[in-house]
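Below, subunit A partners subunit B and then partners subunit C, in two separate complexes.
Up next is the complex of A and B:
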């Protein structure tokens, strides 16, 4: 196998190559792609995915997986929409979303950390449960007529900066600090890398694993708020399949599915890559059904490129 | 006076030992730590039976025993990872409860583990202070500058030159062991437990550790030191306790023990520590390496291995021994030079090696040599599958017979072929790795540290096995950090320094002094 001249210590080189190719390709193919308005568009549209993909990185770092996240976002979105209609309060609405998400996280974490059910199976189960619950709560209908304060979350701006951008900047700052600047962050790496090390350090790995899934659920609630605001409705199947984009973004970003090897900034870039791909394909009038296939191909291509890189010494 | 709670009549000559100190204050009249009648039963195994032990401030207490003698369990009881079923622990004369690692830490007990307790994708500093990171001014946020400063201080203390920001997975085994040591020392422990701390270290690094131990002793730290190396036991130990089958056999002073005596106590029978070998006249050349250089940095390697020979490859850790083995085997990319196996040019791939009848038994059994969660039978057949089943169909009976034959031939202790490999002791795991290549009819073996982490009894068995291999016409290239092993076992040896071979020693010239002289920087 011939080694490609990719830097050996660079993370996710396949993603970097793919990004450059996509940016150049779309800019050539579509006149609208490189316009400032479209760039803002890509960022805005990626905000929901980022809120889900950041905590998904934590989950995958623990050698875990959360398949339920799309269904949980859907469930949160209808729950918070109903609370918004009933109370009209943004605080109550946000709290409802985060709380429902966190509860789903407690169920996931409990199954995985305390009942020792493999994450794949446990979250597959909660996927079904959350999806059903969302449909039952709404009778399959969208919850529309959200008050203007909820719509402000996606449509509004503060000091000229769109609110979703403020939210993703804050979200990244929080999750980055949590992972790299707190003891909890070290424990997340240890959960995937060496659980015995945690036990010997006097830390309960079960409690930490639980915390990771609850954190993921809470962020799913926040993502649901942004999504509901964007759609002007809570929709019981709005986020179906979002786990696919989220896991793809994390994988693209160079986080490994074993041994707690990962990189949060990579996830940010992975989300950007998926946002760019979807946006570019939209501009070229490619249907969203075909887009999913393109994301799959992107992930596989990025990993193939990496397989050809010279081994790290 | 029954110091260690020993039953009358049980020999316990070391029991009345006291540390020699100038000032005899009251603290010196009670042991720092005392274990009384500790018992522990795991499902199906009686791991510890009524073990009593006392450790004084400023003492280095050597703990000896074969694998499975109860050393690790005793250590886990001490550090709170396992709680004893019965018995008590006294700290400075007061009874204490060690129910969790946090309790042990509060008492100032720190453990240097052999099976690394490190997180691979965290840097050195975060590993050293895992769970104890200094808090900064912002609540919940780690004070990174203090974290790195304190780590640097500890690393300097043990004379270990590594960047605290380097990710641990990039470090070699020896350096990881140093991080493990730094981790334990950073806790300012009053009682330090070390499980074979030098197993992965070069002589120079070991020397540094010994100097460190002397300093800690002078500061009144009590040290429990588990070792399989006789030289260390006598050089470092103030007292020696031998465990066997979960019981304490005897505690004695170095002056009243001899290596043979200790081995006899450990195994309950006499094992010859000199690994007797029949040296034969070597046959035809099996492996010929000329001017081999590889991407891993080794260069200009010339060596040959002949039929019926055990050839040693020695040098300090990091001198390039493993890299030579990997390049010969085709696991690392070769940049120049050639490897001939039975006169044929080696294709430069691991599959090619297997086809040519060459086997590499790697240093880290757990990650490279064995599929731990698979069964003993599966592991034994792994390398031979293409040869045994040319049709592509796996005949269960044929496979079982082949595996059964090897289990019997090597004396692998396993409940059945269906036993998971991870349940076996280190010695038996090593036999499986060797056995797997025997099934594949390999004739040229490269062993990388075949006895690392293996107790003395199993070591003798492994060497007897290697001797059998060469008696049957195999050729062996053996990497070892234990020079005494090279001296006792090898027909010839090559010595490496800085990724090159710097000398070859014939049987008559083989001595630890010669190896060290060649291997050290001039």
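Up next is the complex of A and C:
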């Protein structure tokens, strides 16, 4: 099956079933679930994950993987918090986050595209490096006391719309246009589906792959800004493990780990599914340890349904 | 690729192991030059004990990686196994019952992982990752924030004791290494496992029961994790629910440093053993040289990438 840029068949049926079951179940089980205020809550709480999961979709479309993203978001969050404390400028703070993230992306891209290290291994290495740098930069402590302009990113609103909502709408619009309406997007699909075609078309697959990882790093910086604003602090281990949430969201959304076959809207739904599950279980006063269990079961169940469609090996 | 006369005539796997032994030797010489405490018997025994625990986790993982699979649930299996087994040892006052519990949990987890990967054809990365969360949640719920500690000295021999002046886990490690190597390289089942990773279609067409063998490797990985949980308990004398999160990465690191390929079909237990030793030595050396512990993830990451890069260079030179 070649890559289809737009969904022409039922994608991610497992996710659809899981979503319907969860929405109906939680709405019945908890009176607060379907309230507008709570829906807003779910969207706000999912914003950081979405900013990471969108570029992760690009990475996975290239048959790649980015295990470093949680550690990179953590590193960016402490770096930008320190810049925020030193300068007090929101522009400098955002630039610091995006720059540090992009640098991590350059390292990932360099290792994967130019040294040809498998993505799993390369980004595992960057994960360690970013984690160490974040810890050494702060001595393991949180960076607190962020200025109000940074806190505005998560807590503020423009014309009555909360800023994180504006950010994720913009992020989805940008990434969707990039993937489906630019040559770069076609190259991303080709990187996973047919790398040889890129070479024959005179496009350097190395440069394109590098661009995908740098893009991912830059978005990790943006995610770090929202996260730091939400926590009112930069913390060296704040986002550890987020890479798995992001990969799960992408996989739930029906993007294949092979063949450059995927769907950006599916990732949005995958992020929503994880957000809805967390929120619903919270409302039902389920302890966080049982919640952890449930997310694991959600991932497995969604894939079990998926597996019945997949061709026999 | 460094050309050493004679070495390149060896089969590629033997070359890989030989290169790693050389790296280990250089590392040992370097550390003994830098730190006077390094060559002391106490320190070396300590390194071996630590490497043994790492090897127990990564031995089963090596078999899984040979089939082009992955087991991310190892750390969480150890956490749940250690917590439940530790409680059983305390409450029932029976080390044997505790051992059976840990191995039972490990085996059951492995069976579920194997069935998800082989029967439901869920990608190993996702299946074992979902399992990680389920186990972690169970461990948190079971412990409810408590720590279980203080085990009978007889049981603690498994982690802290000596047999003929050699630490017990080191002897067990040597036995496991020998049995595992014979299994992987000299038995039909072992060769079938390698073949599944090297070429799954060819394996199926030549009559290898792919699904059963896949289940087998995940069960073995689970059992290895269960055993590691026991050694962990015996060595550290306490367990809590969140011990697993810091164990999975070193286990994967040992396998990768040991030369196994994530694409399957390539890897040896001897390599993984040396990988575990290299990683432990480096971290031990950093401790002896008073390097800030926060640098350990970075150093681990650099070693993983460097080891894989060198292997790939070797492959590309040969082909």
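Methods note: the second predicted complex is superposed on the first by the 298 of 313 C-alpha atoms of A that agree within 3 Å, B and C clash if a C-alpha of one lies under 4 Å from a C-alpha of the other, contacts with A are read in each partner's own complex, and residues count from 1 in each chain.
Just so we're on the same page, a contact is a pair of C-beta atoms (placed from the backbone, for glycine too) under 8 Å apart; a residue touches a chain by one contact, two chains touch by 3 or more.
Bear in mind the structure is a predicted one, so any value in this text is a computation, not a measurement.
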In the superposed arrangement, which partner chain does A:259 touch: subunit B (first), subunit C (second), both, or neither? first
Just checking: does A:198 make contact with subunit B only, subunit C only, both, or neither of them? Give me first, second, both or neither. first
Thinking of the overlay built on chain A, is A:45 touched by subunit B (first), by subunit C (second), by both, or by neither? neither
If touched residues of subunit A are counted for subunit B and for subunit C, the larger one: C
If you stack the two complexes on chain A, which partner ends up touching A:232: first (subunit B), second (subunit C), both, or neither? neither
Between subunit B (first) and subunit C (second), which does A:289 come into contact with in this model arrangement: first, second, both, or neither? second
Look at A:251 in the shared chain and tell me whether it touches subunit B only, subunit C only, both, or neither; answer first, second, both or neither. second
By the touch definition at the top of the document, which applies to A:89: first (subunit B), second (subunit C), both, or neither? neither
Contacts for A:183 in the overlay, against subunit B (first) and subunit C (second): which applies, first, second, both or neither? first
Which subunit A residues lie in the overlap of the subunit B contact set and the subunit C contact set? 313
Which of the residues in subunit C come into contact with subunit A in the complex? 116, 120-123, 125-127, 129-141, 200-201, 204, 210, 241, 249, 252-253, 256, 262-263, 292, 294-302, 304-305, 308-309, 312
What does subunit B use to touch subunit A in their complex? 79-81, 100-102, 105, 111, 113, 115-122, 126-127, 130-133, 140-142, 144, 169, 295-297
Applying the document's contact rule, which stretches of subunit A touch subunit C when the two form their complex? 111, 115-118, 120-122, 124-129, 131-133, 135-136, 139-140, 244, 247-248, 251, 257, 287-297, 299-300, 303-304, 306-307, 310, 313
Complex contact set, residues of subunit A against subunit B: 177, 181-183, 186-187, 189-190, 192-194, 196-203, 259-262, 313
